[in-house]
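In what follows, a single structure is set out as structure tokens and then discussed.
Chain IDs A, B, C and D follow the sequence of writing; residue 1 opens each chain.
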């Protein structure tokens, strides 16, 4: 971490930390007047599922952001812009998550699921934009000691993202559960470091 | 980043990060009982527009803050005060933004638009105060290696801010849409680095 | 900033930044159905006043925290505890502030004002605890180069805090406005660096 | 703090800072229409108690996190995962806390108390996972200068956590008050540094 990217990382860490912490506010606290607490707590299971999944997803995005900035050493105006675009996606996540939690098992669950998947599709594109910009033109923003193979491996892993998330969205027409499961599998895939890097 | 301004930057980064992340809380999550989800999501377009615009604006303000503190190396009590004044403006942004989103297309949209523009006018003044104070008196707070031309360029760019935002506010009496478009154009102008610096 | 206090400062900066940014959430956004926007915005003036005052106060507390940790170089378990106690006071501030804003000009404004002043009284005590602990026993947590006069000056300024805030609270029985004005004057006094330090 | 764990600590600090600051939002601000302010403020005592306790608990968890990362110098993918798991527990705390505050003295207070204790039980397990992983296999993530005795002491102290919190939960069937008191005593125990380390 050099001073040039330090503030970008600090600001991004702040945004990730807040987005991940705000998720809990979406869960309604049952009041005594609502009926037996046990039943009330059970009934909210879609909220817990969406809280856990979103927490994992934002956490994994943070791990990826961290991984990218291990290679990036210098900063310029466009890098800051692409980073802001990515953070826009991250801060947006609580909204489609809440929409999904509110509509899971309801009439409009397919649309909620597509909206949710669409957000991750957009984020996957933003990740690619940031990484391609930082890594490609003569690698002028990269660490001097950056190994070409590790960079290549990230590029290949990320290239899969938009395609895979599109497939996820398409899957929602077959089955909402399958689409969400695929979404979760994808997150696990991006949690792992890219193959060549090891 | 020296230790003297490090905490000011860390604190400011925190405030920017939170202000930019809180924006999403302003968007209401449609419930199944509200009617078809698609219609509900569409109907909220002013909220999305104001979310996107405010995100860009706070992001651009962060980029500018970052740019200024690339030149500022030392800190004193008045600098901290002017920085707090600027942060006051930044944390206030979600309020006029929500007011604008709630009243766009309604009877009082002009007033909402003026209130919104007025906030950015105040912030433009606070940016000038901070920068003029830090850069002017014998440049005692500036980096020793700071290039006079780069500083001059920022000073000139910032001097345009208050005037331009005033014009934006005046434009609201002609057309609210034109005023908001001009507001957006101004933000893009401040996203760009000042001319001489390159 | 050495590594020993760096995390305490980073954590504290985060808490200050969030507490200062959450204040805006207390201001209600008028909806079109509430009546004319202008009237609605005007009617909320106690909220704006309490927002501005609380922003200034938390900002000034941050400046003071910053000032103290300019002298403190080492950390131990009790220092972390006293710092947490101080942060407890800081995060509590939005609650009495909202209570004050909701009750200003109402039947219970005196009690709201005393509750508000009481919070600052407690914070003044926590500031003294933190500073006395860090500075007194052979100055073992202080910077080696710390000047004794500067430390002395802070100790003297802070000793006034609890007494002055108690007087503020007592003043509420004479006049709520006078008590709030005295509160504001006190904040300005603590915004200034202690006399000897210069 | 080396650059390898610096971002993990910064991100974690952010999450802790936000979780601890959000707690105040759970306390309802009494409005003039609710009746006399004094009575209203008194009536909310369970909210204050749960605010204070949760603040202490998250503060103590932060102190512990700080203590662990004083020994941890290097980072890998699993460490980041275990750290995220721990942060998941931390961000979840405001929810069971609110549930407890809403149900204390009501019909379902036992269940609320068990739910609350269960959260701390899970966090105790996550703390053990993180620490065991970081400290055990040839100590490859630890500081070279780390003293074996200090590490051993933490391991022993933490091993008590899950067992003790389970006992706390069991105690809720005897008395809810006793269970909460035991919970508080446990927090104090973890606030203290482990015995051997001194």
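Operating definition for what follows: a contact is a pair of C-beta atoms (placed from the backbone, for glycine too) under 8 Å apart; a residue touches a chain by one contact, two chains touch by 3 or more.
Small disclaimer: the values here were computed from a predicted structure and weren't measured.
At the interface between chain B and chain C, under half of the residue numbers involved are used by both copies, so each side presents largely different positions.
The rotation relating chain A to chain B, fitted on Cα atoms, amounts to 90°, rounded to the nearest 5. Chain centres here are Cα averages; for chain C and chain D they lie 26 Å apart. Between chain B and chain D, the centres computed from C-alpha atoms are 37 Å apart. Looking at chain D, residues 10, 13-14, 17-18, 22, 25 sit in touch with two or more other chains.
Across the complex, chain A meets chain B through its residues 3, 6-7, 10-11, 13-15, 17-19, 22, 25-26, 77, 80-81, 84, 87-88, 91-92, 94-95, 98-99, 102-103, 106-108, 111-112, 115.
Chain B makes touch with chain A in their complex at residues 1, 9-10, 13-14, 16-18, 20-25, 27, 29-32, 36-38, 41, 51-52, 55-56, 59, 62-63, 66, 69, 191-193.
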